[in-house]
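Per-chain residue numbering starts at 1, and chain names A, B and C are given in the order in which the chains are listed.
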Amino acid sequence: MTTFEEPAVIVTPPHTLAPAQRALALIGGDLTEKSLRLHLEGLSGVDAVGLEARASALGTRSIKNASKVRALDTIIGLIDLTTLEGADTPGKVRSLVAKALAPDAADPTTPRVAAVCVYGDMVSEAVRALGSSHAVGSDSAGLNGAVNVAAVATAFPSGRASLAVKVADTAEAVVAGANEIDMVIDRGAFLSGRYGLVFDQIVAVKEACRRADGSHAHLKVILETGELTTYDNVRRASWLAILAGGDFIKTSTGKVAPAATLPVTLLMLQVVREWHRLTGERIGVKPAGGIRTSKDAIKYLVAVAETVGEEWLTPQLFRFGASSLLNDVLLQRQKLSTGHYSGADYVTMD
Amino acid sequence: MTFLDYAPAPESTAILTLKPSYGLFIGGEFVAGRGSPFQTISPATEVPIAEIASANAEDVDDAVKAARLAYETTWSRLSGADRGKYLFRIARLVQERARELAVAESLDNGKPIKESRDVDIPLVAAWFFYYAGWADKIDHAGLGANPRALGVAAQVIPWNFPLLMLAWKIAPALAAGNTVVLKPAETTPLTALLFAEILQQADLPAGVVNIVTGAGSTGELLVNHPDVNKVAFTGSTAVGRAIARSTAGTGKKLTLELGGKAANIVFDDAPMEQAIEGIVNGIFFNQGHVCCAGSRLLVQENVHDEVVERLKLRLSTLRVGDPLDKNTDVGAINSRAQLNRIRELSTVGEDEGATRWSPECVLPEKGFWFAPTIFTSVSTSHRIAREEVFGPVLSILTFRTPAEAVAKANNTPYGLSAGIWSDKGSKVLGVADQLRAGVVWINCFNQFDPASPFGGYKESGYGREGGRHGLAAYLQAADTNSVATITQIKKAQSK
Amino acid sequence: MTRLAVTKTYKLYIGGKFPRSESGHVYEILDSNGAFLANAAKASRKDARDAVVAARAAVSGWSAASGYNRGQVLYRIAELLEGRRAQFISEIQHSEGVSEAAASGQVDAAIDVWVWYAGWADKYVQVAGNGNPVTGPYFNISTPEATGVVAILAPQGSSLLGLVSVIAPALVSGNTVVVVASALAPLSAISLGEVLATSDVPGGVVNVLTGLAAEIAPWLASHGDVNALDLAGGEELDWIELQQLAAETLKRVRPPEPGIAAPTIERITFFTETKTVWHPKAMI
């Protein structure tokens, strides 16, 4: 048995309003390029030094004993176990899925990860490999051992393709059984101030997430914060992605450095908290790339718990996009249960 | 159990080896005091930590004599470079014993270990490093060539940052070539006595630093001793005023670091998330036992409700409790007397019609505790908006224009510090210019650095500590007339 | 038959005007031989109060003026003094009983001191201020600025040079001044007031009180709206008591300084407050 309780199912699905309505409800008036720009540029600024100091202070929390056991299992249950290589094969994906279902071969009490994250053409292989453990719909990851399949789409990682290609990319993955779509925004458009274009593309991709039964695959919007560079940009892009209908905002593709950092993630959590304060809706956050150790991941849990609250520590509202993190968590978990430090040979490669 | 109920993470006290009783440190030795000894207790548990000697008039006289002797026979004859080397040694030893000092500080003072570990003790080491390097460069202190030390410095420090205040006092005094008699606060003598052991380890010549413990009366004896040349005091404005009176006409050079009632001004164009953090840091850092605490929050009226709502959310995540737990944000109030004062002023705040709010938090039964508290609907005439509470109590007022913010911020006899939160460059610099305060933190708060002068206007005291200015406070020009360059004046004087 | 002289009654200089003492009292100024020179107003505590009010009102304008501007205004005073040499020499000769050459030397020196201090107005901040290399991503700067209203007891002996040597340094940084002139030789002080009144120095920046320092000084030392006290010429008074009175509001107090205060930058910075400003620095 794991020591943590089953996460509660969230009360308010974040997509009860169509994107345009949701944006209008907040901005008011007409939803034009100009009104969008005025809104985004009117957001309060971010002081980098203060943000980083706060992130660093959260990083000094000392998580011991029972809290640590609980933290490690929580981390596993929030991982999007990821393989995004040009060299990915069906065999590699099957191996990834096996690891997702039984992360620690020696300890069946180990929780499963939230999702596997693959390229679109690998979705069907992942779905097949998961079999009955493949989650139904979008909100059941983590419940009764169900695992989601997330697909990166929209000409990941650069996003440099026509909207038609992005939409087709998305729709194909959804049809193949992806529960979640990780799209990238057009950073070029964002950095040149064409916020309306970014907005419209997110809306279109969100529409492409619609399944035959009318429900949606969850949409994670990757901001690629390493290319946005400034915290003010990250704040605006987060806000824009939420206005346009994103269910999750995600830091990075993992292909650009820096990927996820604690200050950037904290900033995105602050945006999500603010959105919740204003609308009552809960939006998810996914730091991805660069989080390799349990120690780092725990800092993220602390940031979530002390910024938006513990209720966000469910697969529906928080994810780690990571691959090597899982094994470090397993090593730490073994240490806690045996009292001895473990070694790399005692966890499986993938 | 929820994730946020972090399991206890106590800092181990095993590293700390304390003696059951401590004497006075005079002439390089621990000696018995002739006053009645007293207990220093942990304010978090009220458990006694050690017995501390109390210095009477003869003890204080012995200490001043030891300092005078050391000044005349040893310290004033050393080269600046050698003085610097002793200070460098002390800095290193502080770093090496940092964890032990942090534990002792939190035990004796009640402040959270994360603050003593991450703020107080690192700054202590930094202060000695910074002034160590000045010791052989005092020609550049701004007083012309060959400035002279003053002689014996009497230094009296408060209980809010015990070892850090010691460093602020001793490091520049020794760098400039003075010898020292220091009196730590009655409730927090412990780290000063551990510091005396460090001085023995550093082999500092006997008598260069002497530490006399005791109550306020010991401090009074020290500052009024006829053979001291310099008095440096950090503490309340009432005591500072008494010292200014009693040293009048004596020629003792005086530095006073007194109370404050800092305005923390939040404009509607502030980086709001950081402003909320800055407000919290400004008043709840060190339980609000900070002379420069941002205890008066001035919020632009159009964002008042938002700021208060967000502030309350943030306060709900503060952890109040065991100072030695690494996850504690707010520790114990330093003494029962201080707790009573905070309680009294908070009651006055309610009686005057302000609205009081604290997050839900369970306070330990033993020890001295006060929940983080904010007051809204505060007027400038309320006592909680004028008097220094010196505790975790924030008064929130509003303003409509920058000019009104400045007027309200300056409307106090104090003038130690202020905060400004806005992303508009011209406005923050313009407002900073208008504020009558010695330290102005823009988009930050409670930042300290040995290279940065700190000190107040008006009744917050005089003189600066830190930086070149802090060094100059312990020096006199070689020849006060040396700057006179106009020969005609000399001629006129001779006639 | 000799012409009957027109004797002058010297009045106070407060807020740019020349009022009589509120008390209505005057006292006789005698020359060095004991002969009558003139009547001077004998300032009361209420005159001192009015002078502080005028000085306080002038602080914001004078201290907000640029250093360049204050420097020019102060330099202009030197120009005007130069033009009134004869009057000052004559007054010094009569009241101090010195030779014309000595009086002339004192006027020269006083003018040169004005010029020396005038030049500091746009420079002392650079010399006394600092950029601070703090550990952390912060812009950090310390700069001195005027402390506010400075009450000064002028030296009793040297009536013009002594006076100028204590007033000018306080003015450089933007302080305003209430000065109690030499009781025995106040003529230069009042005449200086007349010079200031026709200069570009705003009313209230310098206020001159004549009379007995022993009567006026305690009211200035204990006044809540005075920021600093220069006891320069107070060595004959119970100045320790004055310092104790000043302690009640923690004024900056400068002890008596017999003779003529030498021109130093320290005399400027003594009446300033150092303000340290922090601001974060970041590229992102």
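Rule of thumb we're sticking to: a residue touches a chain if its C-beta (ideal position, glycine included) is under 8 Å from a C-beta of that chain, and two chains touch if they have at least 3 such contacts.
Note that the structure is predicted; figures quoted are calculated from it, not measured.
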item: Identifier of the chain whose CA centre is least distant from the whole-structure CA centre; value: B
item: Highest-count interface - the chain pair sharing the most C-beta contacts; value: B-C
item: Chain whose Cα centroid lies at the greatest distance from that of subunit A; value: C
item: Separation of mean Cα positions, subunit C and subunit A [Å, integer]; value: 70
item: Subunit B and subunit C, separation of their C-alpha mean positions in angstrom; value: 36
item: Rounded Å distance, subunit A centre to subunit B centre (Cα mean); value: 45
item: Per-residue overlap in subunit C, given as positions that touch at least 2 other chains; value: 136, 138, 280
item: Residues within subunit B bordering two or more other chains; value: 443-444
item: Junction residues of subunit A - those touching two or more other chains; value: 47, 49-50
item: Contacting residues of subunit C [partner subunit A, same complex]; value: 136-138, 280-284
item: List of subunit A residues in touch with subunit C within their complex; value: 47-50, 229-231
item: Touching residues (chain side subunit A, partner subunit B) in the complex; value: 44-47, 49-51, 53-54, 60-68, 70-71, 74, 267, 270, 277, 301, 305-306, 310, 313
item: In the complex, subunit B residues that touch subunit C; value: 126, 142-143, 237, 240-241, 244-245, 248-249, 251, 256, 258, 413, 415, 428, 432, 435-444, 447, 449, 451-455, 457-459, 461-462, 464, 467-469, 477, 480-481, 483-486, 488-489, 491-493, 495
item: Residues of subunit B that touch subunit A when the two form their complex; value: 1-9, 114, 118, 269-274, 277-278, 309, 317, 326-327, 423, 443-444
